[in-house]
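Here you go, one structure.
Letters A, B and C name the chains as they come in the text, with residue numbers starting at 1 for each one.
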């Protein structure tokens, strides 16, 4: 349950309490010896400005993906209007959690790749499967140089044969695909909700239902993930192409909070 | 620390380029066939990442490779083995023989001796003499030919069961008789399925789906395989050794 | 290496039809050095209860004596023989007394439980080293080969085995599991308990 980006790629340590809320930069055993920026060139890095969970799943018309617009600096909500969903070509969307500067570097690489591909003018373009393959090679290559790009990334879209595509790649180069995927805290909190709402009904869920499911999950995450925001964007990829919504404000109600029992001194 | 202090302990901060992705693989050689199997769950820690991530791959019509351990390394390793086999095909206009693939894999693994692929490999298929064969490897390339081998998360659960059921260890043959050197395909498939249902029952990282590849020696009748539920032929030719894949569901909890 | 692996050894118990079986290996070692090939770690408690104590050798002796004392006290106070269910609870509470400085033993209990109707029902249980009870309906395992025992037992065991078949099943399970464990083996002993008798057999095993 240690989902904090600073802990990714580190040996699991059962001795620490993963549920505790230490300041993000000073997690026990993870703190740098000196200021991150004083070492000159650093190979093994740690994420600085981070984005939290990405959620995505299959639905009738294609792929839906969501991310909030927050980029945190430790526990500080530093940038509140960062877009973490990035369109690539005509039928792919890439969403990233983890280090935002590494993600923006990847965005530039992907944009350059798209331009190179376009200038070839050979009638081919890169679909989601190709983008994912490219990203997984970059991520695995960087981890093998012990200089990872500190992200967990989702790639979603429609392949040129009309099939849906949704896959994951992270800082270790680990990849997989599934009908419902989430990164970070979402893998623990949203995946159970998504699997029960989506699995087996991928071909039935309409766009309206998909947005509803996504909004519910983002709301639950906002309630429980301290590094999240109540402003998020939804991307869809259908035969019509990529659509990334304007930021949506979550409607929340905290009335339930007073009924929560069982924490700290409140036992009854 | 629970009291909010964390300054005093020794500070260890290193990127760990490895993880474990669970799952189990298994291969059993018959007289003129080999079964290579693996579950399809991929996990990290207590999270199931996906219920379908194949760990068993057809290399040629006579060779199947199962990889288990760190999934990213596994996929990359399979990719590179397949590339080397394609180059061989282009250079020699034939598929590489099984024992040569085995040596190739050892060389490729040992090449990474000081930054290993964190992967346990089991190679199964048909030798040039038509016999079923299993080669098993450790992450840095030590290998041997065997009749059966389990590896991965549930190796400790499955291997002693195989010793008992395949090698007849601790069993006495009936008077005047000896144990068979090789079992028929139907028996082997039953043992493989039992092994995986048992491992699924007792190991949290095993489950979801089972993929069993069967490699049949050239000219061997596919008796029973065609009619088998969920069996599908994936050979590229029908005048050489043949490859089938059989898929089964495993418990998903 | 963990203190639980210091001396080595494994125990398994299985339920059959109107019978139970409990079996263990006979090895005692000091890390990888084998010392004895006749180290008993299963002990009779009553005519119908056996307990297996795999783990740290010194605690095998201590706990066995402790259980003997407590069962005797129970017998004197209650003026009746202890039942397996009750004995399992006694084992559990004895271990939990040492919650923060435990005995390094994972006991396995097997016996025939007297029913209100006058008949007997098979009973097995196991605990961890601090006394967390596990009442299984099929089989329980403990010791350095526990993972292997789980794997083989899950493959070989079936419900309602007759005493002779249960003996064969538990023996095969134990022998094949300990043969893949460096810290267990060097022979084995099997007790098959039915309502009116206990059959004890010593098995020859691989000595490597």
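To be clear about the criterion, a contact is a pair of C-beta atoms (placed from the backbone, for glycine too) under 8 Å apart; a residue touches a chain by one contact, two chains touch by 3 or more.
Since the model is a prediction, treat every value here as computed from it, not as a measurement.
Shown here, the protein chains touch in a chain-like sequence that does not close on itself.
Chains joined by the most contact pairs: A-B. Distance from the subunit B centre to the subunit C centre is 35 Å, each centre being the mean of its Cα atoms. For the pair subunit A and subunit C, the distance between mean C-alpha positions equals 50 Å. Each chain gets one centre point, the mean of its Cα atoms, and the points for subunit A and subunit B are 32 Å apart.
Residue positions of subunit C touching 2 or more other chains: there are none. On the side of subunit B, the complex with subunit C involves touching residues 154, 156-161, 163-165, 169-171, 194-195, 198-199, 201-202. Residues 1, 9-12, 17, 20, 22, 26-33, 44-46, 136, 140, 143-144, 146, 148, 168, 172-178, 181, 187-188, 191 of subunit A touch subunit B in their complex.
Subunit B meets subunit A in the complex at residues 1-2, 4, 6, 9, 11-19, 21, 42, 44-47, 49-53, 70-72, 75-76, 115.
Within the complex formed with subunit B, the subunit C residues making contact are 147-148, 150-152, 154-156, 171-172, 175-177, 179-180, 205.
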